[in-house]
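Each chain carries a letter (A, B, C, D, E and F) given by its place in the written order, and its residues are counted from 1.
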Amino acid sequence: MPQDYNGFEYFNVTFPSEYVAQVEVDRPKKLNAFTEAMFHSIGSIFDRLSHDPDVRVIILSGNGDRAFTAGLDVQAASEGGNISNKDITDVARKATRIRRHIQEIQDCVTAIEKCEKPVIVVMHGISYGLGIDMASCCDIRICAKDTRFSVREVEIGLAADVGTLSRLPNSGVSMSFVKDVALTARDFSAQEALQVGFVSGVYDDKKAAVGRALELGTLIAKKSPVAVQATKDVINFSRDHTVADGLTYVKVLNSSMVQTKDVEDSMLAGIKKTKPTFAKL
Amino acid sequence: MPQDYNGFEYFNVTFPSEYVAQVEVDRPKKLNAFTEAMFHSIGSIFDRLSHDPDVRVIILSGNGDRAFTAGLDVQAASEGGNISNKDITDVARKATRIRRHIQEIQDCVTAIEKCEKPVIVVMHGISYGLGIDMASCCDIRICAKDTRFSVREVEIGLAADVGTLSRLPNSGVSMSFVKDVALTARDFSAQEALQVGFVSGVYDDKKAAVGRALELGTLIAKKSPVAVQATKDVINFSRDHTVADGLTYVKVLNSSMVQTKDVEDSMLAGIKKTKPTFAKL
Amino acid sequence: MPQDYNGFEYFNVTFPSEYVAQVEVDRPKKLNAFTEAMFHSIGSIFDRLSHDPDVRVIILSGNGDRAFTAGLDVQAASEGGNISNKDITDVARKATRIRRHIQEIQDCVTAIEKCEKPVIVVMHGISYGLGIDMASCCDIRICAKDTRFSVREVEIGLAADVGTLSRLPNSGVSMSFVKDVALTARDFSAQEALQVGFVSGVYDDKKAAVGRALELGTLIAKKSPVAVQATKDVINFSRDHTVADGLTYVKVLNSSMVQTKDVEDSMLAGIKKTKPTFAKL
Amino acid sequence: MPQDYNGFEYFNVTFPSEYVAQVEVDRPKKLNAFTEAMFHSIGSIFDRLSHDPDVRVIILSGNGDRAFTAGLDVQAASEGGNISNKDITDVARKATRIRRHIQEIQDCVTAIEKCEKPVIVVMHGISYGLGIDMASCCDIRICAKDTRFSVREVEIGLAADVGTLSRLPNSGVSMSFVKDVALTARDFSAQEALQVGFVSGVYDDKKAAVGRALELGTLIAKKSPVAVQATKDVINFSRDHTVADGLTYVKVLNSSMVQTKDVEDSMLAGIKKTKPTFAKL
Amino acid sequence: MPQDYNGFEYFNVTFPSEYVAQVEVDRPKKLNAFTEAMFHSIGSIFDRLSHDPDVRVIILSGNGDRAFTAGLDVQAASEGGNISNKDITDVARKATRIRRHIQEIQDCVTAIEKCEKPVIVVMHGISYGLGIDMASCCDIRICAKDTRFSVREVEIGLAADVGTLSRLPNSGVSMSFVKDVALTARDFSAQEALQVGFVSGVYDDKKAAVGRALELGTLIAKKSPVAVQATKDVINFSRDHTVADGLTYVKVLNSSMVQTKDVEDSMLAGIKKTKPTFAKL
Amino acid sequence: MPQDYNGFEYFNVTFPSEYVAQVEVDRPKKLNAFTEAMFHSIGSIFDRLSHDPDVRVIILSGNGDRAFTAGLDVQAASEGGNISNKDITDVARKATRIRRHIQEIQDCVTAIEKCEKPVIVVMHGISYGLGIDMASCCDIRICAKDTRFSVREVEIGLAADVGTLSRLPNSGVSMSFVKDVALTARDFSAQEALQVGFVSGVYDDKKAAVGRALELGTLIAKKSPVAVQATKDVINFSRDHTVADGLTYVKVLNSSMVQTKDVEDSMLAGIKKTKPTFAKL
């Protein structure tokens, strides 16, 4: 039985299939827009999922028909005043507060990327701003046909600062496209997202996309979790390092990983055409 | 009123729309091929545009129907003798001269990339050698259907040394494609360029492509220049660094950038559906 | 006359065209699966080709209709016991043996990438596991329509450790796709491989694909080998470094390379419309 | 008034001078050896100090005459069984647990380095293992004459894994010395530590060393905290990056930092020979 | 005959020995403090020396008995108002101006490091702030006994931003010492500077130190300039890269450098005990 | 019983103590100068020692009273003509040959650094050129009082290209000193080498220095080889990476290393004051 993930307002965490968790942003009336508190919640949820032995794959999606997420709840943000800090007038001191605050939010979003288990994101409808930031942290990105993506931040006078601008240029996506959408804040379609490789699958509607995520998730959940988690780890390490360093890393990591019983069990199952069962991780 | 950009032979600089500059290579009789002096001119033009408060976006294009640019003017180069230096016989001393010369030309071309304002390049017709080098420095690449691209340098016995070979492998373009065209020096089409993501848009003809560039440019020019320039800066920084470093960079940069009045004005305009006006930068 | 490449069991090395070598994996009865000894053979072959003055381009392909390669010969591997080392019980000592062994195999495969001459890989039929690892080391990847690719390793309880996971994220291929296929071990098609840029060409069948490789190889073999080899070198260096470092590298390398007579000969041939002949390298 | 730092067993946090905090490891009967819980405590203490506006400098020292710290409490560790995990037999799963555990402890120790305020460590008597790890995270290292240092870990069959081996090679200390002491686990003296630059001051006894730390701390606490914290930040960033990246970083950071009133106040105080007062940070 | 270096106010450039240039900061009445204009002058001087074939080594020193340099002329700086920009109120726009200004000054100072010829700095008397920044760019640092060094910037509310904080942590100097002096802004002596390796020689007085610089300069000027300049280049490259990258760099650089006649001439001179003469570079 | 190391001309390999090997350069009549063949020999010897389970520490020294090594045998080199290649006239082709040759020699010397077991070098008398290159690869450097060191290469018209210029700037040695000795090729003394941290011990004469090396070697040989070799590995990795990467590396490495029985045995021996025995590695 997975751990308890109740008590996070605006998030549903369910377990649609063995070893598969689904995290749903659940604030449909506000187009699943994020408040300050929600950032901390999603960080905590993924930190917990990362080490939960009953979880091997995670699906991230949004509740409701209209939006994966509209991004930051700008109105709430402007009222909360976390950034504006009108009481501080010294520019450097204000900047220090802002740095700390950005760091905090970045850490929450990065928790999705650091989660040891693969994360499949399903986007649909409005997928703006933070929606792109979060999706950039996920391992596999698929979407519904109706998705309207936008790197929204310049529209509100900001360079996106919780990950999109750092992760997209390192994700095998055409840089001309990345700059086009980041500099104009224009909407782009599922078709365009597929063409440039931001997503690796487009499905007829949200339901079909979630269905495909579940298929992928179930497929991954049946593999050795040792192999799966090491694979995610090595790919993420390699993205940020030279090929030589990547080779060194996988060599050192595998020096213990291949001592697992899962290798033998997997091979045997392959030969015998049986379904192997793997211990939790 | 923008600064004065007259006096650069073979370049037209115009201002087709508010805050939008257009730099046109203007040597159509020679297919816009580059002489030594033109390298220095284009470097100077972009250095100046970078800090010109009346400029927020730049379009780079070529005059005439036949070519964006045929690249280096090989004949002029061979006559100028800048590289050949027949008077020096010592290999090491000759190599030192060559190193200094390459550095000089690289700096001129890199000025396009270092320009703080986004640069949209419009390619058409023959777009060879240096044309690819320059386009690789630009932020958004679009082209006309008739464009014939070629990483031309091996054809003249050279590895391209002013940027193509270093920038393409870091631009989200298929490496198999990059090597294919760089090792064979073969022509490739607009369609192929779009498919691999070297360009992010193909238009019917040069006029349509320039029109689209102007649309994009105008769209960007209406956004907060603080947000736009920071976005370009962060993406370029992130291309060359780990994701962790990119996050640190945007955090520190935004600690002053988000203190701009543009954020408030942008948000307000968003709510009130008005068009914000931003101070120069 | 090229050097002698006989004596490597399960490999044919032929010379279908001037300066073009073809390395064929030749164990069709076992779907060209690799034994331990074959790793060392392929490493040795590419080390030798790298400095062979009679070779300027290499084509890598598989014999038989059914497979480029099925990857590691799992049965042979499990019998050889190289990794299992049942005699050692101390985990750290076993891990050290494994590290050394992975390093050895990695070095063999990396020899393909380090080969100074461009390598064109032609895939067809089953192209699994090690097939992807080797292809990732090649410069130009093309395939037949019938190719069935798979990053196979998680299927046998392993994170791939001879290069795929380190090279794919740095090859301009959509990261969402990379993780999708690496985490699920699912088959993917030639069409999908082309769409994401893993291959840069798909041909009707193996014969057509080999034919195209030969065309490309012959084209490259006619260019200055100085220019071609420097181009490969700079692109590979640039993949692993910042753009600034890439520019420095090509500058230093070209300070001797452009002193070659090939530049003059190439330019002259271009003007005179003749075919230049270049000295061996 | 600084925040409350009571409630951390085995640590005293006092405020010997305005804006100066002193963290004392307080388990003298066990030579200030660290239990698992103490790691988490010291991490929490430094996280809190980092943002405490009433703190500008921190002194880290050990209670009692005999030891700064004897390092890990090996006996407690072996009983706690956190690493041994005898219930898990699969090597890979055990390795995963160990990785997570090391990460946790590393994060606790790294909190000292990440603390935004400068940390001065005072070592005396036995300063073994973890004592070196923690000192390596501190900004200024001084010690008493009687200090006996040892990179102790090989003595217990381990490569040190909470920082010493990663930080010492990047601290301007002779690598020959670093390897000598890390490979032999031999004791080294205050004199040797000073000679190679591991410490920057040796004092007659613990009292004198703490006195000097207080002098240094008081001196730093009187400077602009904006300037002091930015200085620490830039030096740490620069240690891990190229000089070019370090210059970029300080440029971006200072673009907000120099807008502080502290610059004006510092300059004015310098001219008027008065003592400036700076707002909290 | 070297080029003309007149016309730079507050700088004397002389040629005390064959191939040896001496750049003297010459504003003794103001303790050789730097105005804005002087930054640009020193940048231009070193840019010119870098390619001057009659120069092989450069000595940098200060005129007068009291100071190498007191650093930035704070009074002039505060009047010039280059940074304060009181007319701009938007924090982000002000920050942008500051960034550009710091970049400009950094480039001037970095010109000393980028100069292809070795630079020997002789410090004496007051050597504050910018004096440390400039010295950090030089290759060999020696000083007079009476030198009073200070990383001065925190004293005026600033983190040093033209190089000290980025170069010192990469110069083989004890990090504990670097942070001690950078965080306290305290004076340190020639003896301490020698002990930690910031300087590699201390001489009785300025005259003796300049004499030693001249000896070293003359010695270096007699070696092959190809060998000397390549040596400087490789060491600087290696400081910022891994050992593997450093080895690659020297390999590529030397592939042309060792083709110089200087190698043969040097070897022959060694055998025949004669003094070789080398062509200019 | 260690493996057989006979058959390498000019090298003696002996085993003065359990698990301790001593490699002696043995060409005293030529001041232990290196011929081409000797480079390959030393590379092979260290490759073999690296995996020899009967070896845990290696001492590298020179036979005879007069020299550790005079460096490259210049006369032999000039006769061998490996570099000069008078038959090739094309500069680029010659450069390619040179690059390959430097790579080969670098690999031989780097084998000392890559050797998994710690290497202690004992220098005495003349220790020139290659002597510094090899010593820079060793882990612990000690010497006799009479040692005369010289980074000799500029004396023969060369930038040192087998490691000194890349390793010294990353070895915690004063950069001002490194450049002083590398640019002047002057002799420096044991005392100076100790002061800047190039060596970590100076002994009265060669015999005493070898004695100390044997003591150190014996001490290290008694520790867990798992711990010792991991410690060397992590320090070398950390030298070339950020602290964050170093921490990641040791975490992943130790996840298998700490599962060794050596930890338990070491701890137990510590408590029981007995001498632990460790299995071979």
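Keep in mind that, in the parts below, contacts are C-beta pairs under 8 Å (C-beta built on N, C-alpha and C of every residue); 3 or more make two chains touch, one makes a residue touch a chain.
For reference, the UniProt names are A, B, C, D, E, F = Enoyl-CoA hydratase.
Just so we're clear, the structure is a prediction, and the values are computed from it rather than from any experiment.
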| item | value |
| --- | --- |
| Chain labels contacting subunit A (Enoyl-CoA hydratase) and also subunit E (Enoyl-CoA hydratase) | B, C, D, F |
| Same-site or different-site touching of subunit B (Enoyl-CoA hydratase) by its copy subunit D (Enoyl-CoA hydratase), using the half cut | same |
| Separation of mean Cα positions, subunit E (Enoyl-CoA hydratase) and subunit D (Enoyl-CoA hydratase) [Å, integer] | 33 |
| Subunit A (Enoyl-CoA hydratase)-subunit D (Enoyl-CoA hydratase) separation of Cα centroids, rounded to whole Å | 34 |
| Sites on subunit F (Enoyl-CoA hydratase) at which at least two other chains make contact | 91, 95-96, 170-173, 196-197, 226, 239, 241, 244, 249, 252-253, 255-260, 262 |
| Residues of subunit A (Enoyl-CoA hydratase) that touch subunit D (Enoyl-CoA hydratase) when the two form their complex | 51, 90-93, 95-96, 100, 226, 229, 256-262, 279, 281 |
| Residue ranges of subunit B (Enoyl-CoA hydratase) in contact with subunit C (Enoyl-CoA hydratase) within the complex | 74, 78, 83, 91, 94-96, 98-99, 102-103, 106, 110, 113, 153-161, 163, 165-180, 182-186, 196-197, 239-241 |
| Subunit E (Enoyl-CoA hydratase) - residues contacting subunit C (Enoyl-CoA hydratase), complex | 237, 241, 245, 248-249, 252-253, 255-256, 259 |
| Subunit C (Enoyl-CoA hydratase) to subunit B (Enoyl-CoA hydratase) touching residues, read off their complex | 118, 139-142, 170-173, 196-201, 216, 219-220, 223-224, 226-228, 230-235, 238-239, 242-244, 246-247, 249-260, 262-267, 270 |
